[in-house]
Amino acid sequence: MFRIQDNLDYNMPVHFGGVRLVPGTVATQRATALVIGYETAREELERYIPGEFELRIPEVQVMFSTFSRINWLAGSCYNLINVSAPVRFQGKKDQIEGDYTLVTWENKTEPILRGREQTGIPKIYADIEDLHEMGSYFHTTASYEGSRFLTMHFEATGPMAGGERDRIQAALGSMNTLGWRYIPKINGPGADLSQFILFPQRMEVETVLAGTGSLQWYEMTWLEHPTQNHIVNSLAALPIRKVTRAILAEGMVVLDRMASRAIE
Amino acid sequence: MFRIQDNLDYNMPVHFGGVRLVPGTVATQRATALVIGYETAREELERYIPGEFELRIPEVQVMFSTFSRINWLAGSCYNLINVSAPVRFQGKKDQIEGDYTLVTWENKTEPILRGREQTGIPKIYADIEDLHEMGSYFHTTASYEGSRFLTMHFEATGPMAGGERDRIQAALGSMNTLGWRYIPKINGPGADLSQFILFPQRMEVETVLAGTGSLQWYEMTWLEHPTQNHIVNSLAALPIRKVTRAILAEGMVVLDRMASRAIE
Amino acid sequence: MFRIQDNLDYNMPVHFGGVRLVPGTVATQRATALVIGYETAREELERYIPGEFELRIPEVQVMFSTFSRINWLAGSCYNLINVSAPVRFQGKKDQIEGDYTLVTWENKTEPILRGREQTGIPKIYADIEDLHEMGSYFHTTASYEGSRFLTMHFEATGPMAGGERDRIQAALGSMNTLGWRYIPKINGPGADLSQFILFPQRMEVETVLAGTGSLQWYEMTWLEHPTQNHIVNSLAALPIRKVTRAILAEGMVVLDRMASRAIE
Amino acid sequence: MFRIQDNLDYNMPVHFGGVRLVPGTVATQRATALVIGYETAREELERYIPGEFELRIPEVQVMFSTFSRINWLAGSCYNLINVSAPVRFQGKKDQIEGDYTLVTWENKTEPILRGREQTGIPKIYADIEDLHEMGSYFHTTASYEGSRFLTMHFEATGPMAGGERDRIQAALGSMNTLGWRYIPKINGPGADLSQFILFPQRMEVETVLAGTGSLQWYEMTWLEHPTQNHIVNSLAALPIRKVTRAILAEGMVVLDRMASRAIE
């Protein structure tokens, strides 16, 4: 019969065996990241920020990334759209500045499962187009079963240099990703597990393009997306007051799950 | 700021709101199910059965289902391949006969997330072809990124009738699906949540075809499937001694999450 | 070296061999067809009808079909959206009433190639959702790379019976599909082959549901669909004056390519 | 009513309008190309080479390409697997050395249609994985409905330089792609159009990696691929005597349809 080994790490299904976690073993992947940040209405955004956090700036950051050369996926690829807000965690023990993950869409299931269960990143599925590129012009689209909910556009003006580039490199080079890992009771309501989590990540940025960016959210009906329309519509309802950042960065992303931890 | 409401049921991302669980609200879906069961080697199969269970018969049951008219997905569709073994749970409080879920592949992420987090069904992703049908001949294929790991074939001989049909209807009409909900520690090893779960399900069978069935597992390398090759290879290594059952059933499947519970 | 055999039928690539055409060998497939017809502006629709035809009624007919059990695809499945107008071909030799195919979208390439090259049906690719079904309510969506261009909705009121059903069965039981097979000069402009074609088809209707239907076209930009936006926008610009027909039919479709012919 | 304009270029569906061909307007796209060539048996390969050609060397060349930044697709992407043999066209008027296209698989329909109808490249559909990359190791897979028919592997040893690189750049910088455009009679056998075509192409190579490569063809049954199994099996039956070339090149591909022409 199957018995768990205490020194191994398991995911469902558990009974086919676990793996030994080797300190220093990190997930690495090549990333092309289109980041568009915008100012919104503080009170409206705060409706989606748990009370344990403080919103530092009323800003939404949307990052599209196309990942390739993913080491733990044998060199395979996938796309992501990450939506976050800059916060400060005000815990009893921990005081941390970082980015609270409102939602992460990915077009591959495997990293969705790992992200949710291991580190509390609220990943869900969407169809996400590869980055379309024409000269200095870039665009992409996220959709579900044929209904679009997000488009992003970017026009590069040129490589970023000097202090501006250094700031971007520093910011992407050390990101405090914050998530909320929540596993419901089997026959609900209530939680069997509910924790805030810090998952430090870094992107070793090689090139950064400056430019002008824009994005548009599209409302969805229940028929169009019965399980996520409330998420999309919440984001679509936040006003886009001013685009505060638009860059296209390339580099390696390094994820060290063993550096993640629950925060209190 | 966002606050959880005690009477609502949440999934990640939590902060966009939860739903009220209304007793009697069930998930319903139309199913065409191809079931092929086969005798295998007891000791080899027992390697994947947790010690809390007793293997009733050394048999593997593989069920392909194509679901449509799924009420909670606004009428959408997806396919599933479920692999289980007949067991008896020998708990301190509960003694239950049912089917222990070795693994469930689905080709849609949304039900994978619900199944894992809410009821401990070890669902993972695969590409699963719709059921190909030519006259009385049926076949399907499961694969990942272009590499096949399972094919199923069925040739119908005719509608099942009489006592044989009654037994199938009774069996599918009341299924004790057993799972193992396991959420790892954030930076592992070990579990933050580990429970065995009973999730009763039923299929209201309308038609059943008898016939001859066969299936074949294909081994996968790490390159072909870095995250699931150990699962596929474990199943591929189990000998297929004799096909003990091969049927094609149609009907409505009813899932009542609120009837699920942890077992001890 | 490879030589063509005069008695065989070939498709590109030719040199791997052809097949013998056996009279009486037909393509068969199971179909669930949602048909929505609507009255539009005669002059606007006539802009897309070649001068060799006469528009019988200023009506657009949109038929979504999901095909399964396709004999020549070994039992596989695909979806189609066919847009046509009722015409009379006024040739020198042929006078034929039928439906001129404005465009056919399919979500599988193989039948697209056959349709275009063998019988002049102007098939092109789109992502087409399976028919979503909830009780008596049905809907589907066609899109391209995440941008939707058509939605169709249908609410069934009940089975059609009597003379109305007989008329539908007769109409679907003998369809004169008309196409324009056009192969451009290699380095254009002009045609190397340009013919109007009659491709008789029939659906052996088993059940018909009456109901209320609606559809909506969505305009597309060049960025959203660089090769088909002019097609979608032409259709989207046609006014929907009145829905004249909305039915959901099931049955077998029979296609006999050898009954097709050029018309003059 | 719709009338063709003599100065425009059309594709099916014709009646939504054509485009003006502007000399000098070329298709451009970014390519990462994995090229693996191998020696095979002359007589067996010649079975697939039309008599109008002479096989220069008994060699099969398989080129996987991932295209991005495709200008005529608004910056979108797709993958290709091209299989060709080095030939000399021995026509009445034309004597041309080039590569005869045995088959081209692509995972997007739009370029398949253009290739077949405009320039006689025998393109057909397959699922083709993006290039998986791990350090210096690359692999990809082509499949259809879950059944694999080709895998390619490459291990880079380092950048190619000097005369070897010059030769690759020269070879890819001017490719005489040869195709056979064949449109069958409507209710065939026989052709309504049958021409050999020269379609000059060029890749402006920027980097080339040398390395060791291998590939494997997998036979398919009629059930696995009813419309292409004879193609795959013909290629799978050709012996791989020696890999004669294995490179990974990056650069821009330029296609000028107006430079293509029928050859006699």
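Read from first to last, the chains carry the letters A, B, C and D; within each, the first residue is number 1.
The rule we apply is simple: contacts are C-beta pairs under 8 Å (C-beta built on N, C-alpha and C of every residue); 3 or more make two chains touch, one makes a residue touch a chain.
Please read these numbers as outputs of a predicted model, since none were measured by experiment.
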| item | value |
| --- | --- |
| Far-end chain from subunit A, centres as C-alpha averages | C |
| A-D or A-B, whichever has more C-beta pairs in contact | A-B |
| Subunit B and subunit D: spacing of chain centres that average the CA atoms, whole Å | 42 |
| Euclidean distance of C-alpha centroids - subunit A vs subunit B, Å | 30 |
| Where subunit A and subunit D are represented by their mean Cα positions, the distance between them in whole Å | 38 |
| Of all residues in subunit D, the ones touching two or more other chains | 74, 76, 129, 132, 139, 145, 223-224 |
| Partner subunit A, residues of subunit D touching it in the complex | 68-69, 71, 74-77, 129-130, 132-134, 137-139 |
| Complex interface listing, subunit B residues touching subunit D | 127-129, 132, 139, 141-143, 145-148, 223-224 |
| Residues on subunit C engaged by subunit D in the complex (per definition of touch) | 1-3, 6-18, 21, 46-51, 53, 72-74, 76, 101-103, 108-110, 112-113, 116-120, 122-125, 145, 180-184, 186-193, 195, 197, 222-224, 226-227, 230-231, 234, 257-262 |
